[in-house]
Structure formats: C-alpha cells, structure tokens
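Structure below; questions to follow.
We just call them A, B, C and D in the order they show up, numbering each chain from 1.
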Amino acid sequence: MKEHSPQSGDDRRWSRRAFLKRAGMTLTLPAISGGIAACGPFAGGGGQSESQGGDEGAVGQGNKTLGFAMINLTLPFFVRMQEAGGEAAKDYNVRTVWQSADGNIENEIAIAERYVQQEQDVILIDPVDAKAFEPVVRQAEEAETPVVTMGNKVEAGWNFNTLYPDYENMATVARALATALDEKGQIAFLVGSRGNYVSDTREAGFKETIEQEFPDIELVSVQPTDFDTAQAQAAVETWLTTYPDLAGIASVSDPLVLAAMNAAENAGRDDILYAGHDGDAEMHPMLKDGSMVIDVLTGAERVGYWNVAVGARIAKGEKFNKELFMPTYFVMADDMASRLADRGLEVDAVTPEEATETAQSYAEEFGPDQPSSAMSVG
Amino acid sequence: MDKSRGRFSWARILDFAPQLLLVVIVAVAAVVDPRIIAAANMVDVLVQATPIALVALGAMVVLVSGGIDFSPAYGVSLCSVLIGATLLSGGSLIEAMVWGIGGGVVLGLFNGLVIGVLGIPPFVTTFASLTIVQGLTLLLATETLIVQNPTLDALGSGSFGPVPIAVLVVGLVSALVVGVVRYTRFGLRSYALGSNAEAARLSGVPMVRQQVLIYVFSGLMTALAAVLLVGRVSIIAPNIGGISLLLDAITATVIGGTSIFGGRGSVGGTLTGAVIVSLVTNILRVLGVDPSSQEFFKGAIIIVALSAEAGFRALQNRASSAGTR
Amino acid sequence: MRDIRFGPQVVRQMLLLVTTCLIGLAFGVASPGFLSLGNFLNIGLQTAVISIIAFAMTCVIVAKGIDLSVGSTVAVAGIIGALTLQAGLPPLLGLFAILLAGVGVGALNGFLITVIGVSPFIATLGTLALGRGASLSLSGASSIDVGQPLVLWFGSSQLLGVPVSVVLSLVLLVLFWVLLNRTVFGRWVFAVGGNAEAARASTIPVRWTQFLTYVLAGLAAGVGSVITVGRLGSAQPLAGEGLEFAAITAVIVGGTKLSGGEGSIVSTFLGAVLVGVITAGLSFLGVRQEITYIVTGVLILLAVLTNQVGVSRPALWLKKLGRVRGPEGGAE
Amino acid sequence: MSDRPPQDVRTLELIGVGKSFPGVKALDNVSLEISSGEVVSLVGENGAGKSTLVKVLAGVHEPDEGSIRIDGHQARLQNPDDARAAGISVIHQHFSLVPVLSVAENMFLGRELRLGRSGLMRRRAMLREARRLLGELELDVDPATPVERLTVGQRQMVEVCKAMLGRAWLIVMDEPTSALSTRERDQLYALIGRLVERGVAILYISHKMEEIFHLARSAVVLRDGRHVGDADLSTTTEADLVEMMVGRQVEEVFPRTEARSGDVVLRVEGLDDGGLLRDATFSVKSGEIVALSGLMGSGRSEILEGVFGLSKLRGGKVEVAGEVLEAPSPAALAARGVAFIPEDRQEAGIVPAMSTQHNLGLVWTRGRGRAGFVNPRAERTMVRSLIQSLNVRPPNPDSAVESLSGGNQQKVVLGKWLATDPRLLLLDEPTRGVDVGAKSEIHKLVGELKTRGVAILMVSSELPEVLGVADRVVVMHEGRSVAELESGATEQEIMRHALGSAERAPAEHIDKRDDAGESENDG
C-alpha cells in the first residue's frame, strides 16, 4: 500500500522560502487590514491604490484585457487553472482578471455584466448554467464584446464555446473501470455537488454507461462532496463499512479520488480499483501500480492556459469556429491498457509519463507560436 | 410536594433531551436499516463527528456568551493549509502545529479585538473575517496539498484498541473544556456575559478581555479541528471544511441545547449534537438517498427533531406551571 | 410647527450616504468607467433583489427574529413556478405560484417559530437546507426554462431605460417604508421587537405579528425569485446562494441591531447600496479575487464602524484596548 | 478575610458636587456625609437627581464640580472599578445578578478565588465562603442554587452579600423594597440592622415614608438636582419631609373624587384560574373605584389577568356590561372598552425604544384610520392633548420613552389606554415606584376618569392608597374574595380579613403562599 501512497514530488511547488513568504503575508495582512480599519472612512483608498498598480501595468503596455467570470476560485481545479492562466497571460502579453461568484449564479451574471460595462476586450465565463447566461451574452453582443463560454455550451449565437467531451470521456472511464472489474461487482461514485454542470455531466456519463452497458455492475451509491476532500473521505469511510464488497470507486475529480484512497488505506483496504478525471500528476504513481485504472487528462493547467490563449487570440482578431474542442487524453499505464485490450476494450490512452509531458507542455501546445488551428481539434 | 417531585423529573428528562433524541434516531435507524447500527459504521459516525464536535465546542462557548462566530468555516481551511504547507515546505511537525494553531489564535484575536474594542456586532465581524480568511487561504494555498506525517496520520486515523485516536483526542479535549467551563473563571464569565452582560460588567468582569478570550478559544478549537482533519484526510484543498462544516457545528450546538441567546449550553449536549448531525449525514449516505434530496432530508430531520424538542419543552412548561399554580 | 431636528436615524442615513459617495468617488478616481450612468443602473440591477429581501429582513429583525432561509426560498419558489408553467398553467398563475411558494416557506418558518417555538435562527437554518434540497430534487438539479414574456418581464425589461427590477425595488422601498412607519402593523412590529410583554399587554397579537414578518420575508423572496427568473430566463435550483447573508449584511450595515425593536427601511436600502457599490467597485478595479475577499471584509467592517460614530470613538477604543491587558477586574 | 467588619470608622463626603449634561444641570451643589454604621436616606421626587447622584457614587459619572472625600482624603471615582475599590457598592433596582449562575458564583463573579495566579477557580472554597457569609448574615439561601430560582427578596439579599464580599463599607440601596413582599421586607430590615452593627454605612433611597422613618437617622433631600437640605428624622414630620421634596404642600396624595355611580360594568363570579386564584366574586359599577386588597400571592393580580384574558380561567364567569364573555381575550376585552395597566411597567408597560407618541398610540391606532393605516395627523392631535392632560415631562412626543422618568413612563402607560376612552379600567399597582408628586397626579387623573363614569378596578399593596381613593374594597385571602368593605374602613379591618381571621393568625402559612406567588411573578 505504501508504495502508492499519494505522496508525489510536489515539494518543488513548496519551497521553504515561498511558504514563509506566503505565510508571512497571511499573518501581516490582518494587521494591514486592521490598520486600514483604524484610519477611518477613507480606506476605500486602500483598495484603490492596491489596484492602480495593476491597472497601470495593463494600460502602460497598451495590451488587451480578458475578464474571467468563474463559479468558484476556491476549488483546487480552479486554483490551478488560474495559476496556469497567469502564465498564458504572460506569454500572450494580455492582462487577465479573475473573479469568483462563490457559487452564486446571480453573482456570476453580475460579474459578467460588469465586464461588459468595463469594456473588457474578451469576457470568458465558466457558466453555472447554460440557459441563464443567454441574456448576458446578448448584452455583450450589443456592446460587441466577444464572449467565450468555457466547458458548458451556451447557445446564444454570439459566443464561442471552449469544450471538452466530458460526457463521452466519463463514459469511457466507466467502461474502463467496469472492464477492469470483469464487468461485475459493486462500485460507488463521488460527485461534486448537485447543480454543478461539470459534476452533473460527468456523473450522467458515468452512471448511464454503467446502467446501460454493464448489467452486472452495481452502482451502489453516489455521494455529493461539495468538492471537499474531507466530505469525500467521510463518504468513502461510510461505504467501506456499509458495502464491504465494494470493488471500485470512481469520481468526477482527482482530489476526491485521493481522499477515497486515503480512506481505504486507513481502513486497510488495498483491493479497490479507482478511476478519476482531471489528470492530476499526483495520480501517476497509482496509475502505474495498477490501483487506478484510468484518468482523463484535461488538466487544470491545460484548461487554464488554453482558455487564456483562445481569449487572447480572439482579442487580437484571430477568427475561430464557434465551438472549440480541447484535445483530452486518457491516461493509463501500459499493462493496464493491455489488460483491458485483452478483455476487449481498446482505449486510445497515453502513459503517465507521456501525460506528465503533455500536462506540462501546455505552453508549447497552446503557445503564441502555434497556429490558430492548434486551438481546437476536430 | 408530590407535584414538585413530578415537575423535577420532567425537568430532568428535558436536560437529557439531546441524548433522548439521539436514542430515538438510533432506534429508528436500526429499524430502517440495521447496517446503520453496525459497530464499524458507528465508529465511522464517531470519527466523522470529531471535527464537528471541536468546532461546535468553540461555537458553544461563543453562543453561551451571547455572540456568534462564522469564521471557523474558512478558519479550518486556513489552519489546515498552514499546517500542510509548513510540512510540505520541510518544516517539522512542531513548526506546523505552531503555524496552524497560531493561525487559529490570531483569527480569534482579530475577531475578539474588533468585537470587544471597536464594538462591531459579532455577526458582521465574524462574517467579514470569514471573507478575509477565505482570501488569505487562497493567497496561501494554490492547490491541493498532500500531507503524509506519521504522527498526524496516527492522530487522525489510528486507533487505540477498538477506539479511534481521533475520538480519544476529542474526548480529552472535551474533558478539558468541561474543566474550563466549570472550573475556570473564563468559563464562569462566559456564561455571565451571555446571561446578563450588564450584570457581568457591573461585577467588574473585564468585558473586552473576556470577549477576546472567548473568540480566541473559538479560534483555538477551529485550529484543533484543522489538526484532526489534516491527520485524517491528508488531502488538503483550500476549500476543506468550509461553510458546511460550520453549519453542521452550529446545528450540533443548538440541538445540544445551547441557546443562541446566550447563557445556556453544555459540553455533553454539544457532543451529543455533533454525533446526531454526523449520524443523520451517515444515515442518508447508508440509505443511498439521491444526492439531490440529501440536503432536503437533512433539513427535514433537523426541523422535525427540533420541533419535537420545542414541543416537548412547551408541554413541560405547561405541566410545570400547572404544577405550581 | 414641528421642530426640525435630526434624530439618530437621520444622522446615520447621512453618514451612510456620505460613506457611499466617498467610496464610490474613490472607485471612480481609480477607474473612471465606474462613474457612469450605465454602471449605476447596473449596480441598481444587481442590488435590486438583495435590497427587496433586505427590506423584509428588516421587518423580521425589528420584530426580534432572523430569517436565514430567504436565499433557498428564492430558488425553490422559482422552481415551483417554473414547474407549474411547464405543466401548462397560464403565465399569470405561474407568477402567482412563485409568490405563493415564497409565502408558503415564510408561513412554514412562521409556524415553526411562533407556534412550535423553535428559535428563529435554527428554524430558518433548517428551512434553508430544506428549501435548497427541495429545489434540487424538484428540478432534478438542473435549470428549467421559462419562456413566458409576462413572467420574464420583471427581470429582463426596462422602463424608460431603467430596469424594471430597479423600479420595483424602489416601489417596494416606498411600500415597506409605509408599512413600517404608517400602518398599525408597522407599529406592532416595532412594539413586538421592542418589548413583547408590553405589546401583549397592549392587546397586540404578538405571535401573529411575528408570523406575518416571516410571511413577508417569504413574499419578498418570492418577488426576488420573479426578478431572478426573469434575469436568468430560467429557474435555477442554485439561485439565491448566500443571499441571506447579503441581505442581513445590508440590514446591519444600515445600522439595524440584531437585538430588535429598532431599524429603518431607508437605512437598509442605503446599506444595500453601499455593499453593492463596494462589490462593483472592487470588481472594476480588477484586483485578484483573494484581495477582493480581504478588502470586502475590511470595507464592511469599516462601513459598520463609520455608522457608529458618536457611539464609539477612537479614544474609547484605546481605553478599551488598554483594559484588555488591564489589571484584575475590581482589584485595583 | 475579605468580609471582616472594618475596625475603624470610615466616612464619605460629597462637597458641592455638580454634574451637567447637555442642556440639563442634573446635580447642583449637592453635599452629603455618611459614615460607618449609619443609615442615611436619600429622598426626592423622580427626576430630582437621585439616580445621577447614585451614578456619581458608582463611578459611572464623574462630577464636573465639587469634590468627593473618602476618610478625609480627596478621591476620584472615574469608573466602576474605582468605586468598587473605594468600598462603595450600589444595589440597583434592576438586579445585577446573572440568572444562570449560582448564588456563590454570582457573589464571586469578577473576583473569583483562584489557585495562585492561574485561571482555575477554587469552587469549593468559594462555596464555603459564600455559605459562611450567608450564615453570618443569617440568610437562609443555599449558595449552590441558581439565582434564577430565587425569589426577588432572596436576590436582594444575595446582592447585599455580594457587596459585603467585595469589602464594601458603603452600600447604596435604590428602592430595595419596591418589589418585596411584607415578609421579605422585614427580612431586609433585619439584614440592614445586622449590616449596620458590622459597621456598614447604608445610603437608602425610597419613596415610602414609613420605611424612611423606620430605618434612617437622617435624610438628604434633593429637588430638581439641587440639595434642598438635610432632615433629622427624629424631629421632622412626614408632611414636612414631603413638602421639602415637592417644594409645595401636597394636600392630599390620594385625593377622593366624588362621582355618581351607575350601572354595573364588570361582574365576576367564582373566578378560578386553577392556581393562586380560587374563587372571586364581586362587581364594579361605572363611576366607582373598587380596590382589590390582600397579601401578595392572595390572587389579586391574577383576577385582573384572568378578567383581561391574559391567563386562562378554569372556572367562573366574566360579565362586561351585561355580556357574558365565554373566553376572555385581550382583543375582545379591548374591543369592549376595557383597559389593563399592568404592574411592571418596564417589563409589560412601555416599549422603551419607541417614542412617546408611538407608545401612546399603541392601542389607539388599532381600528382607527383606514385599512390598517395610521392617520399621523389625528394621532399627533390625540397625543398632544394626552401629553397635555397627563402633564408628561418633557412634553416632546418624539422623545424615546426610555429617556423619561419612572413617573412619566407610568403616565404614558396610563395614557396609552386613556386614548381609547375605556369604560372599565383595570389598574395593577398604578403608583408603585412613583414619587409623591406623580402619585397625586396619577390619582387626580383616575379621579377625573371616575367622574366621567369610568369603572375602575385597582390592585394596590399600599393601604393608604386603597383607603384613600377606593369606594369599595374587596379583600382577597388565599385566592378567595372574603370581604367587601365600604369606604371608611380601617387598615386593621382590611388586614384582619386579609390574614384570614385574626384569631387563627396563620402567618406562617401565608408566608409560604407568599413566596410561591413571588416566584411565579418573576418567572
């Protein structure tokens, strides 16, 4: 079990200096806020000067601005997405603004409306709901501001959609997991939260495939987690005691799979097979040792970089189809792929090593030197 | 005299209302699905109640003093991230504890000072600090942290005989909190503040210091909850804990008999409340209730339980008032 | 005849207005696009639902209650309305269904609180979960299209260039002001919150009054739901997430105390506008979200603080601060 | 230790103390001297500056003029801690005890006994100390009982003990007996006696002449914030003292107004609420004042509550103007022109944060105006005339009621009902805690109502009030109406009926009921 404990070589992200810097900031900020609080009603200036720096940078270089309206910036996926988006912004010489709706759809629309007001060059929306954004897309159309809707197809005519085949990918994940389990046994599924488009789509893809194609596989439970690893862990703990024969666990997102593995490890279970989505690097050891059957590499970083790249190119006048698809890859270890192939399931997958390369080479894949056509497949 | 004895037993039953409620829920659960009361599942329920219980103990003292504290929601996230980030950047466990617990204490200090010194109501203060903490957590954590520390792991997921260490730790902390509540002047003054703030002031209780201490206590409990969570979950995202943990904790506190108007609340009741909340979540999981409806049933169960308790209380009041008249 | 003097409420409202203008001006200097008619209308649009619900919340809080369920009520009312429309009911009835659903949740809150005797905080926390869960399960966790122009009108159209929802919020501002200040019911609300015992002795139906404040909150959530459905062109199971806190924040920033008996609709409105200006302004500055969180928190604290001028002064704070570390109480 | 009687005599002197608030001079050149082992009474009408003076002593207000000397040394009382440190303790009308804490915990709150300098309390030691002190003061209270289970009188005693524990040598008592039963009052007197023996000085504030003369050696009289003079109570008569306080002669505090009584407005028969009230039968005619007399806990107030529908009746009949009410409810009674003025005006009378106008309009607005709207102009007119006829000070309709003095608040409570032109007025202790001037004003008002043909049913503990104004007195004993006396009866007569019959003198039994009644009332 130990060999696939999800410890990865991530220490590099956490150099000591960086941590101390950040932690120091964390502790001084309340003091600063307190300071602002103490100096009376003109603290509006505090916020203002803070940003002016940013503004000047942008205006000084005369570059384009992309406004991102996000559902939530606290979830790990979005956090990574924003980080890589920052790199893309540097590469493409654009400025990005990321604002979070904290899960509230009205907030998200308000953010988008303000972007129209602010005359952002391109507005990118990660829509909580496709329907709800049609009115605001029309507003943007009147202001002739290009809009990109990410991951969720909004049919308002004016906007570009940057998509990846979530439903189909998750269907393949379901098939791979089921095949690895010899098409029988109990499995369970961790989702994000109900009403979250990405989570719901992936759930549907998984669930419907299992129900239609694998009558002997029993999907015993689907649990919501709010994308919170603690809740995921609690759910899996309950499964492990309630369904002692549980043979497989799948999830819409990799951190939840990690939490599931952690719970299983605590319970001393090492016979469970996992399947996930996102293509996080932390999953590679488990893919290699065979406990994880399959992962889907969208890659938060790739998604972030790609969307900024598309936005920047639109801002600079490049022409695109209304629908852009980002290439996604299934990630499987070679022996797992051949095992599944033996059982009749061919999946066009990359190895974890290749995946690492792909995941990290997003800057080349979607960089400014690439032609417009590299932004979409099919 | 007979009447008064009758009234006393009524009152005593009411003192154990949360425990009774727990018994009723367990009994109903046993009938509905015996898997729920299987020993292994019950252990899970207890382990999953531990972070709720710790946050709830902090919330209880705050509520007892007539305040409210929303900041543990992301406070737990901040402390967890501080601990995880310290460990991942090569710090020792002790260092990590210092950062994590320090973070909780600083948060409590901030709340206490703003409430006590600036006189801003707790509701807004802690709501604002919740927002601020959310920002700080994001500044600090840019991704999921994977923490593997043997000591923390043992704390979070080891067990001592059949009893999980996390449960033992919460038991120990609860015993300490019982001591604090009963045997320190901090405890006494917290109740005094919530029951009659003016009287406490007139008696010479230093109000500002007391309020600061109360919120620091809540911050400390927040940090302890984070320690347990880090030990148990190991996978720390900047959204760990969050609003749902806080709402669970406040619900636990109130089910446990703490009045949100201050002055009343007990450690035993709060712990029972935490177990009830954890159990209700567990029941819905075991029964495999559709994810869309889970929140609905959770809300419904809580409302029914509280209505039963309130109705019971009303009956008891009527009985006792008829008894004396 | 009547002597003109400024009561504490008026002073507070002036302060709020000045604070709002100063903060708005500061944002305007930082990003010139902020001070435009279009943006003001936008802020109005984005504040409309919050302020409408905050008006009713003011009544609830004045009567010494609290309602945490309004956000999920917006969602559940919208879903129920959309389902009735889907079932083929005429648009007008659909509109009524939304309002009625809101009233229903309000009545449930009122029932739990005034009849059963559950404390308002926890009762409405329960209905918050209940409502959110109900809207998710009724809708199958996905949005429901609404196409009827009549239903959409309130949230999507304009009157003389002003969004209907803004007009509606201003009309409700007046209505709620009249309700609280010019009707017998308004008097009852203040009396019940100020001293329930005295209110009872004055033959005021205390529970009924409290019950009605929750029904009002539900109704306001229903109105908010109508606007939201119009704005989104659909009913959303996750609509109104966090709305209860936004509304309560507006009420408190407006200077109403949670202890009941006092409060003003105009102050609440100004509070909502102030929070709206802060949110919009920070959005205009385009700072990182993390910074936005921190600054929002600080600005809300500041706004409440400036409200308390006269009540607490820096000198007093220093004195109090000194006492934190001060000698033993009483001993010296 | 902390509660040993101080060995030497201590003194407090106020010399020419003055205190101004914006627009008001609350205290002007007040001097006062008090030393260990004596009881000095502080008297004056409400608004005379007594509370300000108390606040000066408590360290809440610092005087702008004059000086305070303690034991001959200049002292400054800048905050409550200073006052406590100087050994001054104030027992407020509204208790400063924490209901959920035990007696011992309350006594030690803010000065808990600790283990060394740790935060740990020595609970047992505190309990022991509390028990010892309670024993020394001969108080029968268990130190482990939560304060919320004590009667008002017991709470008072606990307050005193708490003060003693804090080494107070000067205890200020602000109308301590206003909510006490007779027995509790006597216990308090005994306690004061013991305190004085131990060398404690007591500054005693009261409106009740008999207790001032009973307890105090001398009185300091305040009027309109000024120090009118000191009175040696052994040589001063009650009338003189009242004149000093009021600044004019008060001919009659309880004036009798003559009026022609008419039809029966209220008739009750066999009233029984299943509790303190067992069986009450009497009637009230228009233009008549009927007083309900009896010991506390004899069911007097319960009659009013039962008639007004505030408590559920188990048996009996309530008939208003010839109409038998099946289930009396406040709204139904109010609709039939019945008004109820409850006993505790802080708790059940006023809405403190509301303006005078809105308080006065609280009942009136209902059913007036169109479709639930208040007609502000009509309300203003009504309020102005009421303020004038009630002589509410200050006469500003917009000032918050909480800023008014007790007497004026009581006038507002009365006015709230007068606005509705009632035909039957139920008054519960209408002048409790109200100064002499306001008392006489209130009764003048009640008299006016009587001449206008209003029927008045009044509960009062003050026999002079009962005898002074009532046309008939219904005496209650153990929940039963036992006698009906015409005006002209004597105090002895009333007491004889109130105690059951004088021969049996079941005093102890009555005391028990007494306590039960108390705990009900403050619950």
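Rule of thumb we're sticking to: contacts are C-beta pairs under 8 Å (C-beta built on N, C-alpha and C of every residue); 3 or more make two chains touch, one makes a residue touch a chain.
All values derive from a computational prediction rather than experimental measurement.
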Shortest chain-hopping distance from chain A out to chain D: 2
C-D or A-C - the one linked by more C-beta pairs in contact: A-C
Cα-centroid distance, chain A relative to chain C, in whole angstrom: 34
Distance between the centres, which are taken as Cα means, of chain D and chain C, whole angstrom: 42
Separation of mean Cα positions, chain D and chain B [Å, integer]: 43
Distance from chain C to chain B - Cα centre to Cα centre, in angstrom: 28
Multi-chain contact sites of chain C, meaning residues that touch two or more partners: 136, 141, 289, 291-292, 294, 297-298, 301, 305, 329-330
Of all residues in chain B, the ones touching two or more other chains: 113-114, 118, 132, 134-136, 138-139, 203-205, 290-292, 294
Two or more partner chains touched - positions in chain D: 81, 84, 110-111
Listing of all chain pairs that touch each other, if any do: A-B, A-C, B-C, B-D, C-D
Complex interface listing, chain A residues touching chain B: 5-8, 10-11, 13-16, 18-20, 22-23, 25-27, 29-30, 33-34, 37, 72-76, 79-80, 83, 191, 193-194, 220-224, 226-231, 233-235, 237-239, 241-242, 255, 258-259, 262, 266, 280, 282
Residues of chain B that touch chain D when the two form their complex: 182-186, 188-189, 191-192, 195-196, 198-205, 263-264, 322, 324-325
Complex interface listing, chain B residues touching chain A: 35, 38, 40-41, 43-44, 47-48, 51, 78, 82, 85-86, 88-91, 99, 102-103, 106-107, 110, 113-114, 118, 132, 134-146, 148, 157, 229, 232-242, 244-245, 281-282, 285-286, 288, 290-292, 294
Partner chain C, residues of chain A touching it in the complex: 29, 33, 36-38, 40-48, 50-52, 54-55, 65, 67, 73, 95, 97-100, 102-107, 109-111, 113-114, 117-119, 128-132, 134-135, 194-195, 200
Residues on chain B engaged by chain C in the complex (per definition of touch): 113-114, 116-121, 123-125, 127-132, 134-136, 138-139, 203-209, 212, 247, 250-251, 254, 259-261, 290-300, 302-303, 306-307, 310-311, 313-314
